[in-house]
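For clarity, chains are labelled A, B, C, D, E and F in written order, and residue numbers in each chain start from 1.
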């Protein structure tokens, strides 16, 4: 049986913190599905389609990574795609408390699903999609926080707007 | 003087985590008032009346537990009903930081009011009303997280809707 | 070069916790700018102008403290006013995690900007603007939580309303 | 059945932090046993007998508090003296993690034993026996950290030594 | 290349908490080496040899688990045995802070070594070798905390002593 | 009055984490005293004199930094040398809890003494003297963790030994 992991998130947008977790986890799994969760009650900054395109472009160098969107519970999506693992990055102790709650909950609902945690590198520990959106909102420089291709994509978009 | 404790919360809905705290605290007090706080700025998933009925039904086996609703500050409600204690359950370190802030604040406003904390059992530490509402929203199975009678109540309600 | 620190926040309203940090930090700096951040997406309880007047009134005894408003990124405002330091008060471990993220981010964008942290006195550790607004909303007594002049200001305002 | 709580610790020496927890908890219980745990592998600064005398002297105003010494597991001592509750004070998030581990362990070994937690007042949150011993070792002033009678006791002892 | 993980620790003794992490991680790796670290400065309760025998006996049902002892740095042992992964269980936020420090350190010394974290099940989160030794010291019941075979081993040993 | 800060610690040995805090704090103070606390009950790895020499050598480029040793309470030493500030670096939330306890204690004993906290850069957050000693004990490579001159000093010392 192939080892398949879901890496779930909103990825609005995908950051270099997300990228490093996926790349470091690649040798451990046969396939990693980056699952963009659809939050019907909150409009994101980037369209779902746009997010998907940006992430796919980032991982064209490997066919072990796939990108998909999903709505509903994360555990249900894992069942649907036959993922036995949920992959998550940990940055801070606050992250830890949150991830523990979610992981224990997922296991109560779906006992065979394992959550695998990897620690962010220290220099990426302050990066999050929320922070990137906030900096964008005030026209700050997001270059240090997102992958190269995503940076270009976002800059093009900003320029087209004005 | 009888020992009266307020167990305040939104209870939208009441979970097995809430139930275990109340039941374990019962021998310590003469009366426990489960106080459903009214949040005028946020509409809950369950009507106040519905929440009250579900909780009352759960504790028909004891007359030491009463259920009430209140608006305004928790300390003011304690004064009104002559409760000398606020009872709270602690699940995580994040809970602790929150509870400490609230308890210190309550004591600054009302020095004779004591906050009594009890630790959730480990297997309940990931359960919260927020989580139950989230699972419901995606048609997940909430059975492991709420008391039996509340589960039936909610299922009936879901079926009537469709 | 004079040592200039920005003390940024919403200050909606300014509390005795804020005041003690500024007063304790005064000997360390030549000038402290209390910077009221403008949040365009969220209407505050007090008007920006009102907040500014209340804080200025509080520090009429020293000319080392100035009050200003700003929009956009905190680091950009520091650059604009030539502040080399950001001053922040720490109350709890939760505060710490948040401040660390922000400070690391600011330093990634502006390497010469230093964040200086001071610990709240324990008896002030539960006070925040959010808490003061919440107590006001329910007509509770905010006297122990805000400076004398701000208390009078707020009471006058409440009386004029009714 | 009378409500009996054990307040266990080394109390080497008993601090004003310990005292405030016991006094605030008194209305809740019919009897509080202050249990001085004997640690055979570590010699304390104060003799067990001395600690016991100092604490008993402090609570001569109430007959609801008794002082005892015990060796072995805390749960075993609770069984021996028929205490249904363990009373503990919480100061910080670090305390919380420790207390949770101990409380869950005690409950795994003795399911009917409840741990009741009360939060230290903020101004006492930095006081511990370890700190008092450390200050004593360097001839610092311990007066703000221990009850009046214990302060006199310790000063007499220091003077007799020299 | 086979996926080999080191699960390092003192295992003095091995608990059911350790066992569950190894068993849940088994599908993810081709081989898990349980590495008993030799601490020359501290004599353990159980002899290294004894610990090794007890753990080997526990995993006779699988040949993917091997048990070894090592002294020196964990990263050096990983290099020696060609393990690309360090496997660790996380119980509490305090664990997290510790594991993060160690993992970041290991990566600074050995960039290709990945630390994989799995969360303990909630009901095991209070179990540690330290706790088991403490309970043993006071003749408490360790049955709920260690695997069946290790329990029998320890009981035989205790009986032989007396 | 000149602004004088004490940077206290054991510095056994001084790390690049310590160095960055001192260098980043230099513009804020007129003088920083690096105070090596003497712990009579614990023999260090490096002699006090050796530690002092290594640190002095590191800061020969500035005369704002002085190195001294002290025994007794940190607050007493501050009084002795007329330091109005204690400077401390913060790495993790666990550090925070510890520093808060110490700072509150110091302020209870010496109200005019201020503790100024600066956050370690993320890439240094896992470095401590304890870790360096541990790596040395197992002949690991400490080069990434200590200043250049201290690295050479320690290597010379190791070679002389063998």
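Methods note: a contact is a pair of C-beta atoms (placed from the backbone, for glycine too) under 8 Å apart; a residue touches a chain by one contact, two chains touch by 3 or more.
Every value quoted in this text rests on a predicted model; they were computed, and no experiment measured them.
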Chains contacting each of chain B and chain E, listed by label: A, D
Reaching chain D from chain B through chains that touch each other, fewest steps: 1
Between the pairs A-E and B-C, the one where more C-beta pairs touch: A-E
Angular offset of chain C relative to chain F [C-alpha, multiple of 5 degrees]: 180
Most distant chain from chain A, judged by the mean position of its C-alpha atoms: D
Selected pair, out of A-F, B-D or E-F, that shares over half of its residue contact pairs with B-E: A-F
Gap in Å, rounded to a whole number, between the CA centres of chain E and chain D: 34
Inter-chain centre distance, chain A versus chain D - centres from mean C-alpha coordinates, in Å: 48
Centre-of-Cα separation between chain D and chain C, whole angstrom: 39
Sequence positions of chain A contacting 2 or more other chains: 92-94, 97, 100, 104, 122, 125-126
Which pairs of chains touch, using the document's own definition: A-B, A-C, A-E, A-F, B-C, B-D, B-E, C-D, C-F, D-E, D-F, E-F
Contact footprint of chain A on chain E as seen in their complex: 3, 24, 27-28, 84-85, 90, 93, 96-97, 99-100, 103-104, 107, 114-119, 121-122
Contacting residues of chain F [partner chain D, same complex]: 71-73, 75-76, 93-94, 97, 100-102, 104-105, 108-109
Chain C-facing residues of chain A, complex: 92-94, 125-128, 131, 135, 138-141, 144-145
Chain F-facing residues of chain A, complex: 92-93, 122-123, 125-126
